[in-house]
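Below: a set of structures, written as structure tokens.
After this come two complexes, each holding subunit A, first together with subunit B and then together with subunit C.
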Partner chain A sequence: MLYFLYPVIAVGFSLGIITLIIYGLGISPIEGLGTLLYSSFGNAYYTTETLVRATPILLVALGLAVAFTAKVWNIGAEGQLYIGGIAAATIAINSGWMPAPIPSILAWIGAGVAGASWALIPALLKAKYEINEVFTTLMMNYIAIYLSSYLLHGPLMNPTTLFPETVIIPPSSQLAKLIPGYRLHTGVLFSFLILTPLVYIFLSKTIYGFRLKLVGSSPEVARTSGINIKKQILIAFLISGFFAGLAGANEVTGVVLKMRPEISPGYGYMGIGVALLGRLNPFGIVLASIFMAGIVNGSYTLSMMLKVPIGIANFILGILIVLIVLGEVLISRVIEARKASFEKESIKKEKRGEK
Partner chain B sequence: MIDIIIGYISASIRMMTPIGLAATGELLVERSGVLNLSLEGTMLMGAFVAFVTTYYTGNPYLGIGTAIIVGILVTLLFGVLTQTFAIDQVLVGVALNLFALGATFFLYRAIFGWYVSPVPPKVETVITELPIPLLSEIPIIGPILFNQTVFTYILFLLVPITIYFLKNTTLGLHLKACGENPEVADYLGINVFKYRYSMLIIEGILGGIAGALYTISYGTMFLDNITGGRGFVAIAMVILGQWLPLKTFAATFLYAMVEAFQLRVQAFGLVSEWFPYQFALMLPYLVTLIALALFGRKVKGPAWLGKTYKRVK
Partner chain C sequence: MRGIVKIYPGGTVALRGVDFDLRKGEIHCLLGENGAGKTTLMKILAGCLKPDKGEIYLNNKPVKIRTPIDAARLGIGMVHQHFTLIPVFSVAENIILGYPHREKSGYKLDLEKLENEIRDFSESVGLPVDPSAKVAELPAGIKQRVEILRLLYRKAQILILDEPTSVLTPLETEELFKALRIMKSEGKSVVIVTHKLYEALSIGDRITVLRKGRVVARIDDPTTVSEAELAEYVVGEKVITKAEKIPKKSREEGEAALSVKGLHVVDDRGVEVVRGVSLNVRLGEIYGLAGVVGNGQRELVEALVGLRKPIKGSIFLFGKDVTQLSVKERILNGVAYIPEERLVRGVAGELSLAENLIVKLYDKEPFVRKKVFLDFKRIKEFAEEAVKKYNIMTPGINAPVSFMSGGNIQKLIIARELLGMPKLVIAEQPTAGLDVKATEFVHEKLMDLRNAGVAIFLVSADLDEILTLSDRVGVIYGGRIVKEYERIKDIELRELSEYMLGVKEA
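The block that comes next holds the complex of A and B.
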């Protein structure tokens, strides 16, 4: 119960902080929160836009849930997303001659593999040489972003407009739109309805997920029970890299329809917060990613309509993560206290029984 | 030719100052058994508040002062979460970094409202070099070592002090005991948490200054994520320096030479078709990654580094 309640409290708290900020800027909080809510879920169009925004965050967070379960702190999802985006764009542009769903499927698979191979380097460094993955993944984020910037200014540049971005991918590579006039695409459906349950089953119902959990919670027990920890680290890393790559493919084939240098406004980092907010549970992550996407989309509207400075979403993300981490302690404290009082009770009962 | 070399080495020393200060702070903290990944966030917050203070008061030393205060607040928050509340140190580190990134991103826009004016705000006065009389006149060595900001001299003093402190003082010995085996240290009557908090405060001071240097000494602007992973670089330098002050100092200098080279490549228009500017920007991260991969293999830090220590009641 407590585990479900805490994220809700954290969300409420962060909404409270938004209200305070809005109030501090001299805007009526009701108007501000109303605008925020309306521009994220107010009508069918805004709701679908929020789902479109939530998809890359969801994809990143699903992968990170797998990694964090094994206590593999992959903070390189941002870089893996960029590499995935580059791969997806390259495949989508060059396979446009094939009939409709095939190029986009190829692009997704290629992007996933590209993201996973980008994650393979820190994975090997951690598994083989025990080099802390936080440093290596972070360094590789910068390398990936500069590398894609170079590719988009050079070999992949649009030859006609000379903008640092690829050409628009051919129609047969684009993901089908679900409703005419809306940006909602099949990638959204696929991520929410197929990939989310898949990750849930993988983590909770299979031996693979169980091994990752064991490695994450008690590596000593895992070692003595014969689990190859290095292999589990590699698996956790590759899956999270694969999903981050998919997030890149989702943006290229479903939303932006080309690769550009600022393809992600920090989805790789939002995914960290969303994975923690969702308590590493795929269904919790679905809710958390929609919440995060609502804040992101709402904050754009807030800045346009009410001149609230942009970046409020980043601020909320930061506060949320700290709150969630803090919540972890409170929960364990409460559980410990309950255990202690339960033990006292049972000791008392025993004594009474003796008398 | 000699001028170019002097200029280059002098620039390397300048670039090494913030990273060296931060790395020394992190070294002390890690020796006490704590892995503080929030150093990056500490530096970023320091850079931000130093910029804001200097922008409004015109006094860069006041900016340094606020950066120190905020730096201490961030590392103390880290301390409370990881030591008093015993939460995973890596998790808290990552969380505080993202908090600093989001908070500075938003507050910068909230304070300066840059969308109104296209020109980003700049500070008027910065911390400048403070040449040491006589010593700075010495040919070659003078301009390299003795024509720097006061914080470079502080770094030069800090390294021998740290070495002496760790090697020859009882306090240093106690500190190392906290990192190697806090249970035994506690048993011997050493207050483990007191040592760890003290070191975190020192790191907060040094990290705050380190961040501030980027906005009110080397540059005059605050940009999003201006520290750009240099806090992580500083921690990587501690690993490469095998948790020894002098080796860390040397590693930092080698890193700074790469960074100074990168800046020069861009400034002198050496960027061309065969060496795109993105590769120049990428270089410091690539070098750190390769250095870690080659020399960071299975190096043994303090035995309890990064592990949560709970006192048995």
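The block that comes next holds the complex of A and C.
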């Protein structure tokens, strides 16, 4: 119970901090929070924009939920997203001659595979040489981001505008918009309604999810039970890399319609917080990603209208991650206390039984 | 120390009212088997553990020792079996660690001066070391020297050494004993915790023998006892009083379930700890492997289960060579494993009882549907049945098992291992740390299995257990089977303990 209640408390706490900051800037907290809420869910347009923003975060977080279940701390989703974006744009541009849904499908699959391959490097380093994945994945983000920047300044550069970005991808590779005049696209629908339940089933209903969970909670028991731990580490890495790659494809084929540097305002990092905030449960992650997207969009509006610094979204993200991690410790304390009381009780029971 | 009682969380009684005296200027050996409570008693004296009952007197004054810092203030220091040095620090840094060396220079550390001081000091006490050497680069013997120096440097009057020779070569041991005798002549008191008889006899001025948390012998003059007599104190009179022991049905004819031929296994450090073990375990019998912990049992078991690749030799299951097979393949061939470290290797603490029940068979009928999906209804049924059948105390089948006591966790492990209808059960210290009731339960289960025709390989440091349950007994010492007994009634206790302790060789 507490386990699921805590994220709500953390969210409440972080909203409280936003309020304080807004107040500190001399703005009425009611006006500030009102603007934040309105600009994320105030009308149909803002709501769909929030969902569009939530999709890449959701995709990253779904993959990370798989990795984190096995206690594989892949911090490299941002880089995997960029590599996915490059792959998606390249495939989309070169397969534009095919009929409508095929290029976008190819782009998504290609992006997933590219993201997974990028994740394969730290995965092998961890599985083979036991190198801590936190450092390798984090550092590989920089390699990925600058590598894509190089490609966009060179071979992939738009030849007509000479901007460091690809040309607009052909219409046949663009994801269909659901409502005219809105940016809401099929990728949003696909991610929320198809991929989310799929990951949920994978993690909690199949033997594959069970294996990852066992490896995450006790590698020693997993080994004794005949599970190949290295293989599970690879699987966890590949799946999370695949989903981060999909997030890149989603941005290229559904939102930006080209690949450019800074295509992600940190979705790869937001996904970490969101996966933890959602308790690694895909449905929890849906809620958490929408919340995070609301904060991101809301903070843009806040900064435009009320001159609140734009960095507030990342600020909140940082607070949330710290709170969630802190919460783990607090919750485990409560569990320890309950454990002790149960032990006492059962000893009493056993004694009574003896009499 | 008077009337010391220590009960560990989980209900294990380690010490049942122990009195212990240490005189000024003596070397006192505390002797006993693993699990006798030696280390626990000394950790209490050193402030690492708190006793549940009992008093400690120093120079006839009652003292309270709550922390190792209290102990250090009273001049008591302990060298633990596992070193507590910081590998990246130098010898000098390790020695002054936690012993603030503030002089007029304030907080600045004058390492050079300190190193000279420590060099002189170490030579003066007969334990020379190079104070500027990095601890990580030192051999075990020197590391131990640093630990002792650290205590002496803090003017400790009472030194406790826990199994000090287990990491030393014979030559290093000799040097250590020489230094200890010098300390003794300077009026310091030394306690040596050990399970090696000859050691106690050669260095001890007095010997106290502990068994199962009680003092069973105090020897004021070691020259009056023989090694064999001492062995009997350590191991104790064994009374075989199990009514449920059923005479076995024509055991000789039992088919060989497990057959090990010339097995050599190395441990994590690459040291060969199993050195040519050959044995057979037949269906419908319990083969008890007796031995003091640390004689290669753990690595032998790991090799049998498939967790460790042997460097030489082969393992046969029902006549089939399984030496190269994986853990999983061996499980599917009917091998069940009750591991010693039940909280580390036996169950995953944060997973539920139900989940822990299926960790080995989750991908097999009846727990899986269409080869991929877990059947939670079935799993729940099985978990509830197991709770009822094995009388497991739990807050619920979905509660994390870390809520359960050691005895109940062991029941869960047994329930799980028996789910797969094993033909060979490898039980490693199956009752270590369990209370009497849980121990009885485990024994009954193993006996039932044997009577049902299952082969059981029982590894235990508890001789009572070995003698109560086994049909045949092998004794392991130094990675070799030094003796095999075909019948329990052939066993002469004194001889058995002599084999176990390496007094007598095959």
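Here is the rule we go by: the second predicted complex is superposed on the first by the 344 of 355 C-alpha atoms of A that agree within 3 Å, B and C clash if a C-alpha of one lies under 4 Å from a C-alpha of the other, contacts with A are read in each partner's own complex, and residues count from 1 in each chain.
Throughout what follows, contacts are C-beta pairs under 8 Å (C-beta built on N, C-alpha and C of every residue); 3 or more make two chains touch, one makes a residue touch a chain.
Please read all numbers here as calculations on a predicted model, not as lab measurements.
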{"item": "Touching partner for A:Arg183 - first (subunit B), second (subunit C), both, neither", "value": "neither"}
{"item": "Partner chain in contact with A:Lys230 - subunit B first, subunit C second, else both or neither", "value": "neither"}
{"item": "First, second, both or neither for A:Phe135, with subunit B first and subunit C second", "value": "first"}
{"item": "Contacts of A:Ser218 with subunit B and subunit C, given as first, second, both or neither", "value": "second"}
{"item": "Subunit A residues touched - subunit C or subunit B, whichever exceeds", "value": "B"}
{"item": "Touching partner for A:Ile207 - first (subunit B), second (subunit C), both, neither", "value": "second"}
{"item": "Contacts of A:Val322 with subunit B and subunit C, given as first, second, both or neither", "value": "first"}
{"item": "Which of subunit B and subunit C A:Pro309 touches, first, second, both or neither", "value": "first"}
{"item": "Residues on subunit A lying within both footprints (that of subunit B and that of subunit C)", "value": "none"}
{"item": "Contacting residues of subunit B [partner subunit A, same complex]", "value": "37, 81, 85-87, 90-96, 98-103, 105-110, 113, 115, 228-229, 232, 235-236, 239, 276, 278-279, 281-282, 285-286, 288-289, 292-293, 296-298"}
{"item": "Subunit C-touching residues of subunit A, taken from the complex the two chains share", "value": "205-208, 210-211, 213-214, 217-218, 220-228, 335, 338-339, 342-343, 346-347, 349-350"}
{"item": "Contact footprint of subunit A on subunit C as seen in their complex", "value": "9, 11, 305-307, 326-331, 337, 339, 341, 344-351, 355-356, 358-360, 362-363, 368, 372-374, 393, 395, 400, 402-403, 405, 408, 437"}
{"item": "Residue numbers on subunit A that touch subunit B, as the complex places them", "value": "21, 25, 73, 75, 125, 129-132, 134-136, 138-143, 146-147, 149-150, 153-154, 269, 272-273, 276, 303, 309-312, 314-319, 321-322, 324-326, 328-329"}
